[in-house]
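In this document, chain identifiers A, B, C and D correspond to the written order of the chains, with residue numbering beginning at 1 in each.
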Amino acid sequence: MTLPAPLTGVVPPVCTPLTPDNEVDTASLTRLVDHLVSAGVDALFVLGSSSEAAYLPDRHRRLVVETVVRHVAGQLPILAGAIDMTTLRVHDHVDAVTAAGADAVVVTAPFYTRTHPAEISRHFREVAAHSAVPVFAYDQPASVPLKLDPDLIVELASDGVIAGLKDSSGDEGAFRASLMGTRSMPSFSVLTGSELTVDSALAMGAHGVVPGLGNVDPAGYVRLYRAALEGDWKRALAEQERLCALFGMVEAGDPARMGRSSSALGAFKAALQLRGVISCAATAVPQVPLSPSEVERVGKYLAAAGLL
Amino acid sequence: MTLPAPLTGVVPPVCTPLTPDNEVDTASLTRLVDHLVSAGVDALFVLGSSSEAAYLPDRHRRLVVETVVRHVAGQLPILAGAIDMTTLRVHDHVDAVTAAGADAVVVTAPFYTRTHPAEISRHFREVAAHSAVPVFAYDQPASVPLKLDPDLIVELASDGVIAGLKDSSGDEGAFRASLMGTRSMPSFSVLTGSELTVDSALAMGAHGVVPGLGNVDPAGYVRLYRAALEGDWKRALAEQERLCALFGMVEAGDPARMGRSSSALGAFKAALQLRGVISCAATAVPQVPLSPSEVERVGKYLAAAGLL
Amino acid sequence: MTLPAPLTGVVPPVCTPLTPDNEVDTASLTRLVDHLVSAGVDALFVLGSSSEAAYLPDRHRRLVVETVVRHVAGQLPILAGAIDMTTLRVHDHVDAVTAAGADAVVVTAPFYTRTHPAEISRHFREVAAHSAVPVFAYDQPASVPLKLDPDLIVELASDGVIAGLKDSSGDEGAFRASLMGTRSMPSFSVLTGSELTVDSALAMGAHGVVPGLGNVDPAGYVRLYRAALEGDWKRALAEQERLCALFGMVEAGDPARMGRSSSALGAFKAALQLRGVISCAATAVPQVPLSPSEVERVGKYLAAAGLL
Amino acid sequence: MTLPAPLTGVVPPVCTPLTPDNEVDTASLTRLVDHLVSAGVDALFVLGSSSEAAYLPDRHRRLVVETVVRHVAGQLPILAGAIDMTTLRVHDHVDAVTAAGADAVVVTAPFYTRTHPAEISRHFREVAAHSAVPVFAYDQPASVPLKLDPDLIVELASDGVIAGLKDSSGDEGAFRASLMGTRSMPSFSVLTGSELTVDSALAMGAHGVVPGLGNVDPAGYVRLYRAALEGDWKRALAEQERLCALFGMVEAGDPARMGRSSSALGAFKAALQLRGVISCAATAVPQVPLSPSEVERVGKYLAAAGLL
């Protein structure tokens, strides 16, 4: 399907359910998609950081896109991450996800290598020239690790290179600069990936939100988005604060025993299993699984948020 | 061929010559291999950072290993990088390079994702269990970006998980800790990737060196290694200082216009072209090429080192 | 005077006007105080980062507090930074600024040394035990360089150690966590130091704002604060966006020639001189002054914001 | 006394013994000085990072320099740190330590503030113009936190601004660049602060070493230096490796309970107390003291190195 321009609303970065032996659990994946779609989300983003894209071999990535595209069957637009180190490698992922039916691709700055603003600009320009579908810039300094400069975003937007920005930087001052700098381009979409400040981003004029926690509580983010759309900031604030409390689950895992990715993605998956959406909470190798007592902590967050 | 244990000597990380349209230039690649082999190097490392592995799509990576393995025909051991974000993706590269004939694989800690010592340990253990050939740990904090702890290296060495360490961290105190901690394991190999302190590393007891600059002047590193082997530290120092001066070429590119990778790899390739080894100095997209005057600066470094 | 609890409203971090030979220009300083007070600000913060506290020797710091305290004469509360590396050094600054009449002190985590959460907690506890006036925690990761954890803030607030938080981290998710975690303590004050997201912070429930740019346009921040207080978020947004555009002046200085502090503080002082508030735009040694054409750029920002 | 040019040999950064109530223990300090002098060190460096300069209020700093200068009475040159955030604050420390009799001052780049190479250069030039005694540049990226560029060191050396470099960066490639770049200036001194690679630094041509661990085992570093001076690299290596093993004590403190400074400085002081040199192992507030079992671990390192 054609991507709306600008893309708006709630666009959850879809978790990738796995079997205990680290294969994609497609049955759980389609149930998760149903869970999200029935909550009223506006689009789906597969193969992002919350989807464990960094952990999925190419065959898993392909299976994820194919499964979701087939199951959604055009009801909603599908954005797919094309996460890799540099341009030519990204080209291959763009080819794979568009062949599988993705409606847009989401691309970070180069990583692993030491790069430069001029090279980042060239990277996005090459990828956009190569891609048959719109390209979203993915600002993910926790992973890449550099921040995309708002001036670069505005330049790329203005030159028609990118169709939107997915900003997970947590730098709301720069987010606002990207928003203000692209306001005159009515089809450009600025999405926040910061689960904890969605109300702020929407009040600034953001077009939508890509919340990892939206896997667990898509209806919450949909209510938050709609409250903001109606200018009911009081209701938006209350919903946002409920979601902030729920987000505490990302610290369920003991930091002495595992990294933040294991803890946060493990918590999201444990919550989805506890809510009956997916069959197994396994995260991809080499992440460390939550212990039973850590899963219990996740359950308490769900209960406190009225989700169990 | 079977990898010597420990692996010793000069093991250049082989640059990947490209055509002007970003395809692998296999004719130049085999000439580069001849240039290295005839200088007396002890093994070759393909698909490392200096090989622009981060920039090479899978088909290029495969072509590089196949070309080098076929051309070397068992004269020297071939190590190949299996550079990717996490375990299952690395498995696929391990499979590809060993199918193509690599004698060992070189693997970094996970990157893009936020990780933890326990996860890094599990990563190396899973990769080693999967790999049919020995695994070298690749400490590359400029890229990953985290430093491998010497305690982890010693633990993995002691458990037979890794056959060696390629340390490009520039942290010589930690390098020494890895060396001292593995000294009782006679087949374990500790290699430095720091071009500027090879004499120091060898004096500490390092088994060998993996110098990016060794593409340009392999004979210099061979002389340095042999001087150290003979305990002639005065000669080693003089050779090292000559190579340090030559290394200045990595700053040939204007930092206002390009990143450090573009400048350093661009300089190595320009030098190889000026020395008549490869046909084209192109670096992979989206790197920025050196200007003619910057290439001229590279030439001056070569001339000063007696290499033109 | 006694500090209101919670402290609320606009609390500009007062610039320190200097003479061309790097002495404190007390006449300009009192004019600047008048400029701020007459705009309706709620308190003054001297010897913070925007005051160039890091650049001021002890005699300058003392002169600044004495001058401002004497001039304000109890009309408004005066907070004073006690910025130094560790506890005992901070004690001396606390003694100096309280002797000079400050109503509260503002204290960062230890810096220069490598520290630990337990040590940071102990630091604030020792300083609070030593101080005769309330202590505000100053979260300033650009300088310290570490982020204060919201859990620590809540713990220190709950134990009565700190009276408030001045958060200049730019991490609005963590800011919200500090706000939500201290909401049950009615006298605790959470202030944002992020000029570009004041409307967001106030919508979250922040008590006030400490904007460096408030030196240049205090009336703008007062209007923004009052609009938020009245729940007129549309007016708040418009005012905030005008201030965001004005904030562009911090990039007036050429980054090839000077650091970000020279550029931003130089721009604020140039703007104050152009507006006729202070006599000389000099920043402290070893900062680099703006060139005439860079000052002209500052003037354009003022003109565009209707301030000239 | 006049500082030798170049300054050479072993220059321990003298720990600052404290009483249980955080006052300077001058009796222990003079015993520590005797311990160092009688081991044959070549100069003393007070008020550096290992001296807890960041933790000492001005009155403590003054007392330290006065005590050491008076006690040494011209037998050895005394270098003193003038550690503070920016130029004018450093001036005041320079004045204080030279009034107290220091023969040279040691100065870092500006910190707390965001700075620029041009500003760092100006900082050293202003300090040198102000100082009556020679200025050493102190490269301490763990604290400042930025690395001094070798090109800047060479420029400042060549302009006569600095008399030497104390390099604690651990970046031995850059260290070598500073050494090679200043070799033509016979009075310029390049000292390493990296305890674990002193043999390497001396083999490169370094003039001396400033080892924190030299408080605990000054005789070891003196032997290492002399072996290197005589070109006996085998003996130097053995001594260095013994010292590397001893250095393991810096990890005696539990990282879950304290920072690295608490652990390392706590271990040095515990070792000095166990060796009977100082009376109390207290580190300055807010550092966390070692537990009895952690002190026991320190003792085992001493015993293993033959120092108990």
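We take it that contacts are C-beta pairs under 8 Å (C-beta built on N, C-alpha and C of every residue); 3 or more make two chains touch, one makes a residue touch a chain.
None of the values given here were measured: they were computed from a predicted structure.
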{"item": "Target chain D, source chain A, minimum contact steps", "value": "2"}
{"item": "Given chain B and chain C, the chains that contact each of them", "value": "A, D"}
{"item": "Degree value of the rotation bringing chain C onto chain D, based on Cα positions, nearest 5", "value": "180"}
{"item": "Relative to chain C, chain with the most remote C-alpha centre", "value": "B"}
{"item": "Cα-centroid distance, chain A relative to chain C, in whole angstrom", "value": "35"}
{"item": "Sequence positions of chain C contacting 2 or more other chains", "value": "none"}
{"item": "All touching chain pairs, where touch follows the definition stated at the start", "value": "A-B, A-C, B-D, C-D"}
{"item": "Chain A residues within the chain B interface of the complex", "value": "22, 49, 54-58, 60, 83, 85-89, 91-92, 110-116, 118-120, 122-123, 126, 142-145, 255, 257-262, 284-288"}
{"item": "Sites on chain B touched by chain D in the complex", "value": "170-173, 176-177, 180, 194-197, 199-200, 203-204, 233, 237, 241, 244-245"}
